[in-house]
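Take a look at the structures listed below.
One chain, chain A, links the two complexes that follow: it is found with chain B in the first and with chain C in the second.
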Partner chain A sequence: MKIRGERDDLADIFSRANRAVAARSALPVLQGLLCEASGGVLTVTGTDLEVTVTTSGPVEVMEEGRAVVPGRLLAESVRKMPPGVVTMSVGGGDAEIQGKGPRFTLRTLTLDDFPNLDMSPVDGVEVDGEELVNGLNQVVVASSSDSARPILTGVLFEPSDEGLRLVATDSYRLSVRDLPGMGSIGSGLVPARGLRELARTIGGPKVQAGMASREAVFSSDRGSLRLRLIEGSFPKYRSLLPESYPAQVLMEKEALLEALGRVTLVAEDHIPVRLKIGNGGVEVNVTRQDVGGEVEHLDAEFVGPEEILIAFNPRYLSDGVSVIAGDKVRIRMIDSLKASVLDDGGDGGFLYLLMPVRI
Partner chain B sequence: MFEKDQAHILHADLDSFFASVEQRDNPALRGRPVIVGGGVVLAASYEAKAYGVYTPMSGRQARKVCPQAIVVEPRFSAYVEASKAVFEVFEHTTPMVEGLSIDEAFLDVGGLRRVSGTPTEIAVRLRDQVRKEVGLPITVGVARTKFLAKVASAVAKPDGLLVVPPEEEIAFLHPLPVERLWGVGPITAAKLHNAGVFSVGEVAALPSKWLASLLGPAAGHHLHALAHNRDPRPVHVGRRRRSIGSQRAFGRVPKTAQDLEAIVVGLVDRISRRLRGGHRVGRTVVLRLRFDDFSRATRSQTLTTATANTETILQTARELLSDVMPLIEERGITLVGVAIANLDDDCAVQLALPFDKHHRTELDLAIDDLRTRFGNKAVTRAVLLKSDDSWEFPLLPDPGPTDTDR
Partner chain C sequence: MTDLAEEVAFSLIGHHDVLAFIESELKKPSHAYLFVGPTGTGKATVAREFARLLLCPEHGVHDEACSSCRRIGTGNHPDLVIVEPEGRTSLGADTARWVVGQAVLTPVESDRRLFLIEEAGLMTDQAANALLKTLEEPSAAVVFLLVAESEEDFPPTVASRCRIIRVGRVPEDDLTAALMQRGIEEEKARVLALVSGGRPGLALQLAGQPQIAELRQAWLSVPSRLSARPGDSITMAEEMLARIDPLATEVASSQPTADQRDRAKRRASQSLLAGGLEIMASFYLDSASLQLGGPIRNTDVPLPELTRSSPARAVAASHQVLDAIVDLAGNLRPVPVLAALFSSLAGD
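Right, the complex of A and B next:
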C-alpha cells in the first residue's frame, strides 16, 4: 500500500480515528489503526471494541492495500511533519512515513489480528448535528465512569412525545434532555464515553443517526461512529421527577458558576457546599477542617414558605449549572434531603436532578 | 499548673480480660485455670498463667503445660458488652479518656482534685467501681507520663494499683529490664543484651549517639528519651481511626482465586459493618497482601464518593484482587487484608437517587440488624458457608464522634 496526501488532511483522518483507540488494551492490535487505500480514498478505522471510529478522505493512491499501524505514533508522526505533502508506504512489516525531510519507520501490527467489525450501513435519520451534540453534552455530565455499574455509563435514547429523550445518571444526579423531531433515531443505551467523541470525530452540520440491533451508528461526510449498546435495563427514572416543589430560587448562571469556582479553591469535591436560600438571596458557604473556608452572597429571587439550608457536592452542582443553556438558573427544591431540580427557568427541554449531601 | 507536677495519668488495664469475663459469668470456673479459645489461646486466667500458659500459645501446648485447664469457647459479644460497661466507668471518671484497645485505656485525671480527689483516690475508686459495677478485676498504674503509667500497671498486675510519685520515678524506672521500654521487642532487646545492656538504667547511662548507631537514629533517640523519663505524649481524647481494616493470614497452602475472593468477601462484610456501626464512611479501598517470602504489597482505589455500602466496597476490592492475581500466582500468598481509608463521619453523605436504595443501603441495614440480634452467623453468604469462622473476632466499638474532632 502506498498513498500520498497533504499533511493536514492525513493528520485529520488519522487523529480522528485514533480517538477510539484506548491508551491501554489487552489486545495489542487494538492499539493500531486499520488503514485501507483503494479507489482514491483512504479509510481509517480505530476501535476499542466498544467505540469504533471510521474516517476517510480522498488521497492519491499509488498502490492499493491494507495495514494496521500503531495509532498514536501514526497520528502524531504525521501531525509533526513539516507542512506539505506526506507519503505513507507499507511493506515488509514496516510503514514508512515520509515528509519533506523527516522519515519515520513504524513496525506494523498483524493485519489478520484486527477484529472483523460489522460495518454494514444502518438506516438512520438525518438530524441537525449541532443540536444533537449540544443535547448530548448536556446529559453526558451526569453519566458515571464507574465500570462496576455499566448501565450508568450510558445515555438512554428513548423516543417520547417530545421527540427524542436523552437520559443519563450516575445515581447521584440525573439529566434529561428532550430533542424535538429526533424520535425516529430509535431507542437504546449508548456508551457516554463514545458520545463524548461525537463532535470531535465525525461531527458536522448534518448527522445521520440510527440504531442497529447491537449498535448506535452516527455518520456524516467525515466518517462514522459506531457505539456498542450497553445491555441491561436503565433505572426507572420517571417516578423520581418531583411533581411539585414548595420552594424555588432563580439566579444568574454566571454568578453562581463563578462562586462555585471560588468554592472549589477551598473544597475538594467531597466537601459539600452549603447554600442558605431565602428571601435575601443565596448565601454560599464552604468550610473545610484544617484548611479554612469561603462565604459569599448571591442575589436571587426566592419563592417558598421558609428559608432552606441545603448542601451539594460542588462539582456535581457546577456540572449541572454549566450545561444549562441561557443566562439564568432555577433551582426547585422540596427539602434539604430530597432531590432538587435545576433548569433554565423556562422550558428549555432540559433538567438536571441533583441529590443533596446530608449534613 | 502545679497539678502537672504530680502523677495524673492513669493506665487502666483489665486483667486477663476474656478469661475474667468467663469466670465472672460461670462461678464454676472461679479459682481454676481457664483458657479461652481452643485452637490458639486467646486469653488465660491467672491460675492458668501460673502453669506457664501465655498468649498466643497453641492449644495443644497449653494443654500439655496445664492439663487440668478448662478450655472454653470465646463469647465475643459478652466481651464487647463488658468492655463498653468498663469504658462507661472510665467516661464517668474523667472526660479525658484515650482507649487503646478493648481492655485498656489512658485516663488523665489532672485538675480533678477539687471534684474527685487526688489521682490515687480516683484510681482506688475506679478499681472499686469496675469490680462492683462490671464484676471484673482491673489494674491501674498512675504516673506523670503515659509510658510510666503503663509500666506501673504491668508491674502491679494482677488486680493491683501502683502509683509512681515524681520523686520516685527514676528509682522505679532504672532497675527495670530493657524489655519494659516501649518499642523494645525481642530483636532490639537481643541487640542491647549483646552490647551488655540489660536494665533501663544502663540505657540511660549511654550517650544518645551510641544508641543511634546501634539501633538506628529513630529508635535510638526514642529509647534515650524514654530511659531518661521523657514522654511528652498527652492523653488524646477520642482519637479517631484513620482507617478501618481487617486481615486474614494463612499458611503456604495454595489458594485459588475463588478461595481468595471468598476471604475478601468475608473481610469486606466485616469492615463495612464496622464502618456503619461507627457511623463512618470511607473513600479509599486498600487491599493488602503478604507473599510467601514475607514481602508485602498494597493496592488501593479511591472512589468518587465516600461509602459504607458493602456491595460498593466489595466490587472495588474484587477489582483490586483480580488485577493483582498474576502477582499472587507468581509469588504465593500468605495474608490478605482489606482496609477502608480516607474516613469521614457519615454526617456529610452524598445521598443517592432512590432508584436502587432497596438494593443497597436498606439491605445493609437489614443484615446488620439481623446479625446484631441473632449473631454474626445468622446471615451469611453462600461463598462463606464452607469457610471456618475461627478468625471471627470481636467488633471493637469505635469511638463515636466527639467535639474535639469537628
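Right, the complex of A and C next:
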C-alpha cells in the first residue's frame, strides 16, 4: 500500500481514528489503526472494541492495500511532520512515513489479527448534528463513571411521543433530554464514554444515526462512530420525576454558576452548599470546619408557601446548571429532602433531577 | 477417544475425561466454570481449549486453524478477554470492576464473550466481592472461565457460582508415553514424568534442561545424606532449593513481562519442590516395599541404601515427606519446612 496526501489532511484522518485506540489494551493488535487505501480514498479504523471510529478522506493512492500500523505513533509522526506532502508506504512488515526531510519507519502489526468488525451501514435517520451533540452533552454529565455499575455508565436512547428521549443517571442525579423528530434513531443503552467522542471524531452539521443489533452507529461525511451497546435494563426513572412542586425559584444562570465557582474554592466534593431560598432571593452558603466558608446573595424570583433551606453537592449542582441552555435556571422543589428539578424555566425539553444532601 | 480429544491431544497431554466433558458442554455452556488442579497439570491449557471451541464458528472441527482459532493463539480474539493480575501477587478490585464493566458489552464477532481469568486464585476478597453479582447473573452472552489451584483459593461464594472442572495430574506411564510421542527418548521421558510429578506442562518445559536427571538423583540421595548435626539440615535445604532455582527461572523465561515471569517462576518452584519431595517419598516406599518383598519404582538406587531403615520407619518417613508437601502448598516458606523435615528424618 502506498498513499500520498497533505500533512494536515492525513493528520486529521489518523488522529480522529486514533481517539478510539486505548492507551493500554488487552489485545495487542488494538494498539494499531487499520489503514485501507483503495479507489482514491484512505479509510482508517481505530477501536477499543467498545468505541470504533472510522475516518476517511481523499488521497492520492499509488498502490492499494491494507495494513495495521501503531496508532499513536502514526498519528503523532504525521502531525509532527513539516507542512506539505506526506507519503506513507507499507511493505515487508514496515510502514514508512516520509515527509519533507524526516522519515519514520514503523513496524506494522499483523493484519489478520485485526478484529472483523461489523461495518455494515444501518437504517438510521439524518438529524441535525449540532442539536444531537448538544442534547448528548446535556445528559452525559449525569452518567456514572463507575464501571462496577455498568448500566449507569450508559445513556438510554428511548423513542417517545416527543421524538427521542435521552436519559442518564448515576443514582445521585438524573438527566432527561427530549429531541423532537429523532425518535426513529431507535432504542438502546449506549456507553456515555463513546458518546462524548461524537463531536470530536465525526461531528458535523448532518449526522446519520441508528441502532444495529449490537451497536449504536453514527456517521457523517467525516466518518463513522460505532458504540457497542450495554446489555441490561436501565433503572425505571419515570417514577422518580415528581408530578408537582409546591415551590420554585428562577434566577440568572451565569450568576449562579459564578457563585458555585466561588463555593467550590472552599468546598470539597462531600461538603454541601446550602441554599436558603425565599422571597428575598437565594442565600448561598458553604462552611468547612477546618477551612472557613463563603456566603453570598443572589437575586431570584421565588414562588412558594414558605422559605426553604436545601443543600446540594456543589459539583453535581454546577454540572446541572452548566448544561442548561438559555440564560435562566429554574429550581423546582418539594421540600429539603426530596429530589429537586432544574431546567431553563420554559419548555426547553431538558430537565436535571438532583437529590439534595441531608443537613 | 472422541474426535475432539484426538485433535487436541497434540497440544494437551492426558485429561481425556475432562475433554469429553468440555465437549458435552459446548452446546449449552453454563455462565461460569472454575478449572482447578495442581500447578502445571494443564488446567489453563484446558481452559483455553474450551475458549477456542466455544468461539470457533465450526466448534473446532476443521483441518486448518480458522481465523478465530488462530487469533486465540496470538491473544487477539476480540471476544476472549484475558484478565491478568495487576502485579505480582494479586488481582484486585480495580481489575474486577473493569471486568464488570466489560461484561455488559455485547460480543464483537462471535455470539459469546468469554472472560478467562488464568490466575483467579490471586483474586483479593474485595475483587471477589466486586465480581460476585456478575458471576452469578452475567449477560446471556458471557461465559467466565476461572483457573486456580483449588476452589479454596476463593471465598466459597465465588466457587459456588461456578461449575467446577478438576484437572488432575497425569499418570506417570501416560505422561512418559506422551513425551516419547513428542520425540523424547524413553529414559529421559520417564525422568521428566517423575521430576514433574505428573504435570505435563512442567515436564515439557523441563525437557530441554540437561540437569533434570541430576536433580532426580539429588532428591534420591537425600535420605542417605541426612545428618543429625545442627545446621546440616538447613544447609541441605538451601542446597536443594538452589538446584531448583535456575530450572524455575528457565521455565519462566518465556513469559513476556517481569510480573508474569515472577509468577511463573513461583509456580514452577512450587511444582519442582513438590515433585522432588514425591521422589523422596517414593524412595522411602521403595525401601519398605523391597524389605517386604514387593516391587520397587526407583530401580537404579543401590540396594544397600534402600535397606537402611526398617519398613515401618520407612513408611513413617514417607508420611512425613508427604506432610511437608501439604505444608508447602499452604504457602509456608520452603527453607524452614525442608530443614525441619530433614532434621526430623535424620533423628528417627
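Definition applied: the second predicted complex is superposed on the first by the 359 of 359 C-alpha atoms of A that agree within 3 Å, B and C clash if a C-alpha of one lies under 4 Å from a C-alpha of the other, contacts with A are read in each partner's own complex, and residues count from 1 in each chain.
Everything below uses one rule, namely that a contact is a pair of C-beta atoms (placed from the backbone, for glycine too) under 8 Å apart; a residue touches a chain by one contact, two chains touch by 3 or more.
Bear in mind that the values here come from a model prediction, so they are computed numbers and not experimental data.
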Joint occupancy of chain A by chain B and chain C, clash or fit: clash
Partner chain in contact with A:D146 - chain B first, chain C second, else both or neither: both
Contacts of A:R214 with chain B and chain C, given as first, second, both or neither: second
Touched partner set for A:H270, first chain B, second chain C, both or neither: first
Partner chain(s) touched by A:M355 [first = chain B, second = chain C, both, neither]: first
Doubly contacted chain A residues - partners chain C and chain B: 146, 148
Touch list for chain B against partner chain A, complex: 283, 304-306, 312, 315-316, 319, 344, 347-356, 406
Chain A - residues contacting chain B, complex: 146, 148, 169, 171-174, 235-237, 240, 270-272, 289, 311, 313, 316, 337, 339, 353, 355-359
Residues of chain C defined as touching chain A within the complex: 67, 70-71, 74-78, 81-82, 96-98, 100-109, 130, 139-141
Chain C-touching residues of chain A, taken from the complex the two chains share: 26-29, 49-50, 110, 112-118, 146-148, 150-151, 153, 191, 213-215, 228-232
